[in-house]
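Here come two complexes built around chain A, the first alongside chain B, the second alongside chain C.
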Partner chain A sequence: MTVFTLSAAEREAALLPALTALTERHRLACEPYRRILDAIGAAGPYDRVAALPWLPVRLFKTHELRSVPEEQVFRVLTSSGTTGQRPSRIYLDREAAAAQPRMLAATLRAVLGERRMPMLIVDSRSVVRDPALSARGAGVLGMMNFGRDHTFALDEQGELDAEAVKGFLARHGAEPYLIFGFTYMAWLHLRELGMDLSQGVLVHSGGWKKLAEQSVDNPEYRRRLGEECGLRRIHNFYGMVEQIGTVFLEGPDGGGLYCPDFADVVIRDPDTWQEAPPGVPGLIEVVSTLPTSYPGHVLLTEDLGVVHGVDDGVWPGKRFSVLGRLPRAEARGCSDTYRQAAA
Partner chain B sequence: MSHLDRLREVFRSSLNLPAAADVDGLEYRAIPQWDSLAHMSLIAAMEDEFAVMIDTDEMIDMSSFAKAAALLEKHGIGAAAR
Partner chain C sequence: MLDVRFPDGPPVPVDTLLDQVTAGGDLAVGDERVRDFLTGFGRRLLRPTLSRRHPELGSLGFFLRRSELQRTVQSLRGDHVRVPRGLVFHIPPANVDTVFVYSWALAALMGNRNVVRLSPRAGAVASTIVDTLLESLDGADPVVAATQRIVCYDRSDSITAALSSACDLRVIWGGDRTVDEIRKHPLTPHARDLTFPDRSSFAVVRSSAWLAAPPATRVAMAEGFVNDSYWFDQAACSSPRTVFWVGPRGECDAARADFTAHLSQAVTQRGWAVDAAMAVEKRVATYGMAADGSAGAIDFHGNALANVTLSTAVAAPRRWLGTGTFAHARLGSLAELVPLVGRRDQTMTHFGFSRAELLELAQVLAGRGVDRMVPFGDALSFHRVWDGVDLAAEFTRLVMVSADR
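For the complex of A and B:
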């Protein structure tokens, strides 16, 4: 069973009623959310997903946005947040906490299969040991569900542990195995390793800023890791703690990020807020039916992206790329209205 | 030792619980010792002890001792021991 099945039209038909119902559910259960909707005059009926009211993702840093009573909160997730910012706080009840790893697993199954493969992690073991888990540690820990014989490629100082990797490859190098790392770290350390990783399936996520500074874009990333390490199966994904469990996954052909059936993206022109057509960059809005215990089902990110095509790739629906962060000053302007309304 | 006793032992050692600890009613994340990292050690220890391969979905769904026992049964472990 895969979750990459719905064409754009089928997805729209499935998501519109589900997301409309979530909007009403959160409006009733989350007072700050209701105030925001009132302030911007958002009221149904909504005729398409792009017409649903969105929340700027940074509101989760400044407001307690939850749609379940405090005693039903099972886990609170926090984001790293950039320097000087408060972290986002995401409230999960038991049901939402159980759904998110399942849906992440259903999504990654498309490229990993059902079995837990031996797993090489391009990080230090200490990132998952920290009791106050960093966002990076939480990311690694979440991915470890998909592997077995977890082997960390970096030592506690963050230096490459070539012996550990050699040992891993001696045990598992002849069968498919999973490699997970943050985009920049995988780029840096896997190339430094200079070993044959041709049986590996690389799954990576995280910012492209450092790579952009070295003029490395995604095609170059894939090309060089293919040439230097023999990696042919490479899958980037895009996701955020504010929509935990939902990831947009790069297809086998590298032709962009694809949306699982329970999610979609809307690219918005940052001046008019209208939906931008394919080929025209704008701010990325992410929608997902997973956020049931907090109003995170329609979120405007601070990332710029572009839709490359619709129903024209290896999987149905939109395929898109993330182009980088919107400069800070511009991002402030767009959420001021929301911040005042929610205060 | 019955398979359930072996499973109890695996739980106690993977979760660093005392030898006499009653584990039959345990649920994932209900005690601080059973966090997501310990969950992975627990799964690996079960795989070693019972020579089974546990899939991603099974691992995610194994949210209590009772579910762990049911999972072993599904893999033919309980039936074999009867």
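For the complex of A and C:
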């Protein structure tokens, strides 16, 4: 059972009614969302997914947006706020909170298989022990559900713990195992390790900013980790707390990120806001049917991306890459007002 | 240590700097030697090579014409003797390059010794200004270089504290946070602060006047409004953020539609565009206003121009919403503006009102807010009366002299 089955046309046919229904559901249940739709004059019927009204993802930092009464909120997720910024607040009811890990598991099953594998984590145990759990810690903790015999490759000081990794490989090195880490940390520490990881399945996420500064792109990342560590199975993924449970997963061929059947991306030209054709970069809009308790089913991110192809990869649907983050808007002016406004 | 940008010199400790400036000689209000220097400097700014590249330097040069300086000095004549305050410490904002010159030039003209703290983040225009000032020292009286300093230092509490305790007047631009930050450093008991906190501005248009205006006037007004707004990405404290339309509903709607069309055209013609980051910023801000219930409708005319129809005039936003985002509200009469105005409101750009009406409004406002009322196109023009203060007068003290009878 995999969730990478729908061609672009099938996906469009499945998602359009589901997302339209979600739009109407949130319109009725979330007053601030209704006001936004009214103000921009958004009204159905919508003839395609790209015609659905989107929300800028940052609104979840500035506003409380939920479609369930306060007493039905089961969990509130928060994003890591960069300095001076409020974190996003995502409200899940019991149903949404249950669906989210289930769909994440279904998505990752495509590369991890049915059974839990032994798991090597390229991080320190302390990141999941800190009572004020960081976004990084939450990410690690979330992924730990997908493995067993968790071994942390870094000690409490963040230094490589070669003995621990050796022990792990002695126990599990002969069969497939899962390696999880943030993109940059995996790059840094797995190469430093200098061990044979050829049975490993590396799953990584977290962004390319630091690697881009070192001119390391995804093909280079895969090539070097393959050459230096024997890693053949490498899967990057892209996701955000505002669409928790939905991740866009790199296929086995490394040919781009693929969308699970319940999600899709629309690349928008930031001048015309129309959908950009394959090959033309733009802002990434992410759509997913998972956000049922908050109006996060159609979100315009501040990430730039490009669709490489449609229905032409190892899995059906769109194949895309994330190209980087939009810089923060800056204004000239005679006071520091604008910085406060932006905070 | 402080980097000394003007006059040219090696870095010095703050105590040395203060000793040098104090020993630099005395100046008088309206000092001829300073006037000569400022006019020479102003002339250099008006050179076409410079003012074409940086139009704001042209405005500054215009402000420093001999006749203008003369007018300023003369306007301060009165029954009492005006004398300089002494040492003025200026803290200009980092992001508007020309403000420090206006503030400093007036203080120098009034015969003060000045130390200007130029932010290390100051832009290219500030460097051009400093270079031009240095050039202008050629042939200037040595007293100018001896009494005036432009310095640069990274955040240093000890330097700011030393300059604060030595000065007779401290001039703080740059908004609420800067004012609060700098005020942690005490002044000597007789000294005072002149502060320029965060402000915001709006425009008022009489709808009937707009609709009756000849086409050429509307085009010119739209261009003026665009300059007022887009020059500093609408983040300048004097740039309008809300437009109040005065008149009956149908007329206001028609006037606003026509204004928007003219504005859109002026923006396109002037080539003002916003990048993707700014376009997203505007969506975040305007959608946020809708979510709050303060925006009833939002319409975009490309990324460069966004209109927000306020659900009530009370919701007029003071904060920055991204370049080219205008909130609109309708008022039945100019008087309806009065309860909406607050201390934070600085400049009211206007179209379609008589001088008498504006004077009356200023009286009725009675200090609630609004320190400037200027026509479209003049929002960013510096005037020595700024934020409710006559700067030139503020840079002096008065000596009351009563002779034997």
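Quick note on the criterion: the second predicted complex is superposed on the first by the 329 of 343 C-alpha atoms of A that agree within 3 Å, B and C clash if a C-alpha of one lies under 4 Å from a C-alpha of the other, contacts with A are read in each partner's own complex, and residues count from 1 in each chain.
Throughout what follows, a contact is a pair of C-beta atoms (placed from the backbone, for glycine too) under 8 Å apart; a residue touches a chain by one contact, two chains touch by 3 or more.
What you see is a predicted model, and the numbers here were worked out from it, not measured in a lab.
S.K.: Could you look at A:Arg115 and tell me whether it touches chain B, chain C, both or neither (first, second, both, neither)?
M.R.: first
S.K.: Looking at A:Arg35, would you say it contacts chain B, chain C, both, or neither? Reply first, second, both or neither.
M.R.: second
S.K.: Who does A:Leu300 touch here: chain B (first), chain C (second), both, or neither?
M.R.: A:Leu300 sits against chain C, while chain B stays out of touch.
S.K.: Quick one: is A:Arg58 in contact with chain B, with chain C, with both, or with neither? Answer first, second, both or neither.
M.R.: second
S.K.: Name the chain, either chain B or chain C, that contacts more residues of chain A.
M.R.: C
S.K.: Using the superposition described at the top, list the residues of chain A that contact chain B and also contact chain C.
M.R.: none
S.K.: Applying the document's contact rule, which stretches of chain C touch chain A when the two form their complex?
M.R.: Against chain A, the touching part of chain C is residues 93, 95-96, 99, 173-178, 196-200, 232-239, 275-281, 283-288, 290-293, 295-298, 302-303, 319-323.
S.K.: Looking at the complex, which residues from chain A come into contact with chain C?
M.R.: Contacts found on chain A: 32-33, 35-36, 38-41, 55-56, 58-59, 62-63, 65, 270-271, 283, 300, 302, 326-338, 340-342.
S.K.: State the interface residues of chain A toward chain B in the complex, per the touch definition above.
M.R.: Listed in rising order, the residues are 74-75, 98, 101-102, 105, 109, 112, 114-116, 128-129, 141-142, 144-146, 148-150.
S.K.: Using the touch definition up top, name the residues of chain B that touch chain A in the complex.
M.R.: 29, 36-37, 40, 44, 47, 53-57, 59-61, 63
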